[in-house]
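Below: the structure, in structure tokens.
Chain nomenclature is as follows: A, B and C, assigned in order of appearance, with residue numbering initiated at 1 for each chain independently.
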Amino acid sequence: METFAQVVLDGLLSGMVYALVAAGLCLIWGVMDVINFAHGEYLMIAMYVSYWLGFLANIDPVVSVIAAGVFIFIIGALTYLLIIRYTVGKPPLAALLATFGLAMFLKNLCLNRFSPNFLILSDTWLGGKTFQLGGLIFPAPQLAAAALALIVVGLVYLLINSTRFGWAVQATAMDREAAELMGIDTERIYILIFGIGGACVGIAGGIMPSYLAVHPEVGSLFGLIAFVCVAMGGFGSIPGAFLAGLLVGVAEALAGFYIAPVFKYIAVFGLYLAVVFLRPKGIFGW
Amino acid sequence: MALLEVREVTKKFGQLVANDRISFSVEEGSIVGLIGPNGAGKTTLFNCISGLFKPEGGQVVFDGKDITGEPPYRIARMGAVRTFQVVRPLKDMSVLENVLVGAFLRTSDRGEALTRAEECLRLCNLTAYRDRMAGDLPIGGKKRLEMARALATGPRLLMLDEVMAGLNTTELKAALDVILRLRDSGITLMVVEHVMEGIMPIADKVVVLDGGTKIAEDIPARIVRDERVIEAYLGAKYGRRLKNGTQGGSRD
Amino acid sequence: MMNTKVIDLKDALWLLLLAVLALLPLVPFVSGSFFGMHVLILVLLFASMAQAWNIIGGYCGQVSFGHSVFFGIGAYGAGMAVVTYGGLPWGGILAGMVLAAVVAVIISYPCFKLTGHYFAIATFAIVEIFNRAFLVWEWVGGALGLDYPVIEEGLANLMWYETKEGYYYCALGLFVIVFGIVRWLESHRFGYYMRAVREGQETAESLGVNSTAVKLGAMAISAALAALCGSFFVQYNLRVDPPMVMSLDMSMKFVLVTILGGSGTLAGPLLGAAVLIPLQEYTRAFWGGLGGGVDLMIFGVLIIVIVIKEPAGIIGILAGIGKSLARRGGTAQGGA
């Protein structure tokens, strides 16, 4: 029973990070109906930012999170300005394929610059530390990442649901033309949404080098899991993506522990199929 | 026996009852008009008959067989084919190819399908647009394409949903002409129209819907004198005009 | 009817192209270049793969990112026939095609109820599930994959070591089969029905088209042909493991070559492959030494540029050039 609780806890902790990665994607999908295929690569770049700040300037990932978030905010906004803007009005696949091209570019840029080697940051503040509470072990880096994820997802949710800016975002998501008639600068909204979506995944990636090795392929799987969480949660629903993130984290941990590590992702993707075959628009979708 | 029988068909959207126990029949070889003000439930009823919607209650019987809740393609294969009020051209296919899709219902031979398609294009005055992309047609052309495509399937019952809306007097006359010719070739027609004057002169029978219920079913001459129809649908002014025998193009 | 019996200009051009392709290896300059032959073989293979995808993705409008699964099943069919059972590849190729079609129908049936991104992500998920299942499945070789033994070369074993001509003609055969089938479909009822379903499912249904059956049929044909391509791929590489064939990147190649060439057209997949594959192979050869990845960086940027600038693909660019040439020709004549 204790092992089971521990496995579920580990699942919940990683699930919260998935939720944060997914929240960024979810925002972009919900507002613009665009799947950003380079989302996982954003995460990878954020990890490199945090890694190099730690390696060269001895800044801990806990601090680098801010830099990584800002950096990916800028990359996100640039992605919109340089690529996504030109796919509006083209076939729905255009944005997906263009961002696939971007993902390919970013991944290979890092491969070329930083080699395919796994880079590990040693001597971080949180690395290797654990807490014990009621017989359960809480690894400090994962706990910090999960707490950070919870805070950021909460803030994004509040931003969208109870601010003037959020109101403008929702109006833009519902009907771009109508929003423009109401005097909303939708172009600005799109830039900011791409930026904020990027910042979410940037923050997630910023903290990760505390406990995870960095390499050019690290983002791909996270990207896929984020797609699954967003779709499982339902079109543009942040609570949905959050819940899906937790489900995915727990499913992954249970399958990995009780069946075999290789079944982790079979369980995750199987769970997605099971959910959408029952509810074709996701848990919170309509 | 009637070719189409609608028995007590009911369709609800949540609280809204779009069709409330509607019954009528369409005799083989006749032209039946289905009229009513906007929101009367005409298109909903069409969708129930053609299989796009599944009614909550009642039956649709075509050619003696219960077709309620059958998928649209099976109903079309049995010979009941409809057009859409909001035109739905297969945009990235040429006008000829659009009609070919219909023509392939009765034959898998391309040559035969081509002959049939060309015939339908001619009948609907579309031959000049043959190789244009359907998405590029003007709206009148798209309406005629709806009809040509449905016609190409070789239907026994052709259900036309407002194909005459927005036509000018000359075009209207041409359209009525086509409908009459189709009837003479043995096709039964059910015509939804908002333009009442359009359908009145050629219909054998008119069914009037209002607010989701059937309020009248009779020959056109009596329909235009029906008090309820005048009240509900035409408004007092229009009613007087029709009673006085004024006919011709709609003015608004 | 005018265009039923007589071969039209387009078909004549295709036949001419085939004749040129068939004679190409006889040109000493071409056949002497091992690398040149390799690139030609890959162009024909990827054109065929893209054309297989084009059936369901282009003509029928159902964008699947799951084709690497069918490709992989085909590859494993041939691979297991040779490696596991020590026989000729042919039975395995056939079994792979049939199995791919069956699997395609089984997994597509529930997926077709999903729309838009939900469908796309479901197909991603299926690739990942197959990939990982094959990694742990001992019977198919697991993570180690299957390595071909050294056996006699020739058409019976579908294997050559010293020269590439044999592979070249097999690839050409594959190309003829796949393009021939699509050409046939294009001009028959099923082809029209596929396009009608793409352009408007409800409209197609209202005209008597059983759209579910059409989509499943298109998927089955597409999957079987993708499997056929997969078995050629494994015979050419003499090795197969799960990430090599069943991966999202491989699935993307099916989609990219088609869309960049021009989806929903007969020539699109060939144009896409003829431009992208040499580009990929030559950038790899030239820039592969610069620390790796430069070739794929260029490729990535190229994808972005084409998608943004010309969503109709290379065939759209050609059509544009053709139009402006015709216009210029017209004005020149007018002026003279």
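The rule is short, and it goes like this: a residue touches a chain if its C-beta (ideal position, glycine included) is under 8 Å from a C-beta of that chain, and two chains touch if they have at least 3 such contacts.
This structure is a prediction, so every number in the text was calculated from the model and none was measured.
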Chain-level touch network, classified as line, ring, star, complete or other: line
Nearest-to-centre chain - CA centroid comparison: C
Chain located farthest away, centre of chain C as origin (C-alpha): B
Rounded Å distance between chain A and chain C, as computed from the means of their C-alpha atoms: 33
Distance from chain B to chain A - Cα centre to Cα centre, in angstrom: 52
Mean-CA-position distance for chain C and chain B (Å): 44
Chain C-facing residues of chain B, complex: 50-52, 71-74, 76-77, 81-82, 84, 88-93, 97, 100-102, 104-105, 108, 110-111, 113-115, 149-150, 153
Touching residues on chain A, where the partner in the complex is chain C: 29, 33, 35, 83, 86-87, 90-94, 96-98, 100-109, 111-113, 115-116, 216, 220, 224, 227-228, 231, 260, 262-263, 265-266, 269-270, 272-273, 276-277, 280-282
For the chain C and chain B complex, residues of the former touching the latter: 1, 4, 187-189, 192-193, 195-196, 198-200, 202-211, 264
Chain A partner contacts - residues on chain C that touch it in the complex: 63, 110, 113-118, 120-122, 124-126, 128-129, 132-133, 135-136, 248, 252, 255-256, 259, 290-294, 296-297, 299-304, 307-308, 311
